[in-house]
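Heads up, the next two complexes both have chain A, just with different partners, chain B and then chain C.
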Partner chain A sequence: MNGSSMGRRGAGLILGAVVLAALVLPPFYLSGYWVRVITGLLMYGALASAINIMVGLAGYPALGNIVFFGTGAYTVAVLMVKADTPFFLALAVAGVVAAVYAALLGAAVLRLRGAYFSIATIGINHATSELVTNLDGLTGGGRGTIVPFFPGSIEAERMFFYFLMLALMLLATGTVYLISRNRLGYGLRAIKADEQAASVMGVNTTRYKVLAWTISAGLTGLVGGAYAYWLAFLEPPYVFDIVMSVKVYIMAILGGAGTVIGPVVGAFFLELLSELIWGRFLEAHMLVLGIVVVLVVLFVPRGFVDLAGRLARALAGGSASRRAEGVRSDG
Partner chain B sequence: MYDDRSDPQTSVRLTTRLITEDGVRFIFGPYSSGITNATSAIGERYRVITIATTANAPDLYERGYRYLFGTLPLATTYLHPVLEMAAALPEPPEKVAIITPENLFAIAAAEGARQKAEELGLKVVYFARYPQDTTDVSSLLSAIRDAGADMLLSTGFLQDGMLIVRQAKELRYNPKIMGFTVAASIPDFRTNLGRDAEGIMGGEWWAPSMAWEDDFFGSASQYAEEFEQRFGYVPTYHAASSSIGGYLLQLAIERAGTLDTEAVRRELLALDEVTMFGPIRFSDKGVNEASSAAGFQIQDGQIVLLWPEDISEGSLVYPKPGW
Partner chain C sequence: MGDRALLVGRGVTRYFGGVAAVTDVDFEVREGEVLGLIGPNGAGKTTLMNLISGLIPLSKGEMVFDGRRLNGLGPWDVARLGIARTFQIVKPFAGMTLRENVALGAMFAREGRGVPARQALEVAAEVLETVGLGDRMNAHANELTIALRKRLELARALALKPRLLLLDEVMAGLNLKEIERLIELIRTINASGVTIVVIEHVMKAIMAISHRIVVLHYGRKIAEGTPEEVARDERVITAYLGRRFGQGKGA
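After this line comes the complex of A and B, so read on.
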């Protein structure tokens, strides 16, 4: 038993080293285009992890979560353009603004459940987008706003945004990991299973939900802020984009909502597939995205991570299956 | 050549791909000023020339970029011919209303129109922006009617233009002049609206009936014929502007005798050509400052060029026929 656990620890270390290398090395070896593609994957990984806190852990379908991405993006843009704020300070403020926004909204909107909550978040996204468009003295409105360039060389810029998005993705998945293992995570799971029962059992459901949404929004806002600096030009439809929001939602479900690594897997899978295959066909990419959604709901409703687990158990059989069950139930 | 799905994120990624994977040194920019804003920033960093053939919002050219060239005149001048025609009438309209969707290009055209109207002594009584992709402008139109505007200008796209005409008809709002930018020159506008499109005016960067010509394409009408034979539809300014962008780049490369970006850039700045798209000369900012828009009116389902007077193919119907 001891030997087997040491063996597993060794395998885990090797796996960790491989993953770390795979994450850190690309910008040193790949062309500008591929670095940009992977930076995009990391960004979606971060967004999918952030929405996972609401969708996967609390079971609240925050379909309009992109509102915090837009809020973060515009916070950075306005601070950098209007107040010459250094980027990292602006980014920190973006995270705080998005989080506070969610906390204020949450008290009201989180009384709604299921589809009603989902629709409310979409409405909030739309309303916020209109607000940003109409505050044109501050945000540039429909004409958009130009964010200052990253000051360094092209290579430095490439590295900067790659590692920035990587850091944000690790922060987001790390947050999910921590939450899923502490009191907040247990409370959220209880809410997901049966909110009324959770409330009766003494879980302060409102506080837990608002806290979860605040964290999810803060992370999403940070990613939005980084995106603003990366793209260097914003228009409200670019960052309050409901299609992007739905895509992130699908990524989380596809990879495995509620798991730590699932949403990242889903994000990488969907974005890479889009880049390599259907993105090259006019119009058809939306069709294929729709088909993927239907197939996922029908055949992998619990996502890739769950599917992989089931496949592994089916292959190993017997005692391995029981052990996997054990691992799953305490994780 | 890649398809950017009119998505800025994709467009930026593909621009990077063209430069860093495919080793491209000259790029024909994407559609729309907003997206070009994002992609030309990449081109600028890598010192790759972007020829923007369908992006002409002034903001694009006010950033001090060295490697961005636009073949179209600035969007701000889009409705100038309509306003000039109106001001030249013996009994010009008295009150002008201007509406625009929240879009970089459209706002530029609307603000350019407001400025020009004031210069010409036409009173702008109503100016408003509305959300993009709106499906109802009836409240806007009621407000415009209440303001007593007898000239309505809109800088929206095809859907907006059709919506405005349909709802103005429902409301029985009959301005003496209705003028549009891109919407009215797209053939679908006339075919979908039928006789409701009669008398509507517009600005036009280019039309096959214009008298321009060059050695390469021949006349504008010859270009249009060849284009239709090849692609099966009559070209609009988007196509002609893009063809001319290619032609100008070729000229500049031939004259430079090298693919060196700086040398080609110098030749582009030195160009002073008359083409089937009209005269072309780039300012230091990369704007084509030699050309301007023409004015037209839809008469019997056709676009009839009326302004400037020396290219006029008919006479203006004023006021516009009622619904």
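After this line comes the complex of A and C, so read on.
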């Protein structure tokens, strides 16, 4: 018993080291194109983890969550362009602005559930996009705005954004890990299962939902802010893009909503797939993505992580499952 | 069992649109007792329970629990004051093990005394043991029979360490043997110092466990007293019990 748990810990350490190497080494060995692709994967991993807090843990389908990405992006752009703010300060402010925005919206919108909540978040995204477009004195409006370029060589820039997105992904995933092991996580899972039952068990459902959205939005805003600096040119449709929002949502579901690592797996899978498809079928990539989504919903509705777990259990042998059957039948 | 009132309701009223579901009900729950709440379907029993637990706000009247006014509090505040409940239609948290289901109660128990997740899981194990689910802690709720789900519901409420426990038809759908066991369990819980309000249609059970009974009919209180007194009451016999129970007890 003790030996096997030691063995498991050893295996965990080795796995951890392999994953760490796989995350840190690529920019030193791969071509510029692939570093850029993987930076994108990391960004989507971060976004999928951030939306997972709402969709996976709290069970609130925040389909328009991209609004906080746009908000963060424009916060960084405006601060850097209009106030010469250093990037990291602007980025921190972007996270805070997005989080506060969600906290204010949440008090009103989180009374809605299911599809109604979903529609409301889409509406908020459109409204915010319009607002940014019309504040053109500040934001450059529909003409867009140029964000100051990264001051350094192309190689340095590549490294910088790779490790920035990696850090944000680890931050977002680490946050999900911490939440799911604490009272907040249990409270959110209870809300997802049955909000009324959660409330009579002492979970302040209103506060917890707002808190979850605030954290999710803050993380999304940080990623948006980093994206603005990476992209160097912003237009409202780029960063308040509902298609991107849906994509992130699907990534979270695909990998396993509510799990810690699932959304990252989903993000890597779907984004890599879409990158490969993008290169071959410029016209048809949305069609192929659509088919992938339908297949996922039909065959892996609970995500890759759940599927892997079931496969592992099946491989572990019939004896365990027979024992479980016995327990169930004498109940 | 003392005579001190733990929960007092005065003029408790709730409208749904123009319909009065509960009208001007005065009641008290005394410390340490088991109070039965009976009446025909639609009499307002569950509405009254929802009002106490803060799931719906009062239209008129007030409720005071151990000196604190409940009006305007959210269900989570009420729960943390020490009022726990079960639901008629069980609401287990899907996707959580029995142990996690129950741990949730311990995590969010009484004001400021909520415990961290790890410790709550320990408490959950003990509580599951007391309701007889100790050997299935890691099962999921959907693997349980209805009788065991009712026990889970009870365990979850107990994990809040309540002073007042509201039980909404915990015996519905159970067979006689299961009902007997549950009565035993409710008595044990009561004996440990928890005051209990029970809604129940299983007359034998409610007559057996209640110290006092309140009868609701069309949202109004029509009678109150010991099981014997209530069973003799003409209004209760016509409105709800019928001749069999009324005479049997009254003769």
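Throughout what follows, the second predicted complex is superposed on the first by the 315 of 331 C-alpha atoms of A that agree within 3 Å, B and C clash if a C-alpha of one lies under 4 Å from a C-alpha of the other, contacts with A are read in each partner's own complex, and residues count from 1 in each chain.
We take it that a residue touches a chain if its C-beta (ideal position, glycine included) is under 8 Å from a C-beta of that chain, and two chains touch if they have at least 3 such contacts.
As the structure is a prediction and not an experimental result, all values here were calculated from the model.
Undergrad: Taking chain A as the common reference for superposition, should the pair chain B and chain C be classed as clashing or as fitting?
TA: In the superposition, chain B and chain C stay clear of each other.
Undergrad: Going by the contact rule set out at the top, does A:258 touch chain B (first), chain C (second), both, or neither?
TA: second
Undergrad: Where does A:194 make contact in the superposed view: on chain B (first), on chain C (second), on both, or on neither?
TA: Second partner only, chain C.
Undergrad: In the superposed arrangement, does A:31 touch chain B (first), chain C (second), both or neither?
TA: So A:31 only meets chain B here.
Undergrad: In the superposed arrangement, does A:154 touch chain B (first), chain C (second), both or neither?
TA: In the superposition, A:154 contacts chain B only.
Undergrad: After overlaying the two complexes, what is the shortest C-alpha distance between chain B and chain C, in Å?
TA: So the smallest C-alpha gap separating chain B from chain C comes to 38 Å.
Undergrad: Hey, which residues of chain B end up touching chain A in the complex?
TA: Per the touch definition, chain B meets chain A at residues 2-3, 5, 8-10, 12-13, 16-17, 19-21, 34, 37-38, 41, 45-46, 57, 59, 63, 101-104, 106-108, 129, 131-132.
Undergrad: Using the touch rule from the top, collect the residues of chain A that touch chain B in their complex.
TA: 31-34, 36-37, 40, 130, 133, 141-144, 146, 149, 154, 157, 231-233, 235-238, 275, 279-282, 285
Undergrad: Quick one: which bits of chain A touch chain C in the complex? Just the residue numbers, please.
TA: Residues in contact with chain C: 181-183, 185-187, 189-190, 192-194, 196-206, 258, 327-328, 331.
Undergrad: Which residues of chain C touch chain A in their complex?
TA: 53-55, 74-80, 84-85, 87, 91-96, 100, 103-105, 107-109, 114, 116-117, 136, 139, 143-145, 148, 156, 160
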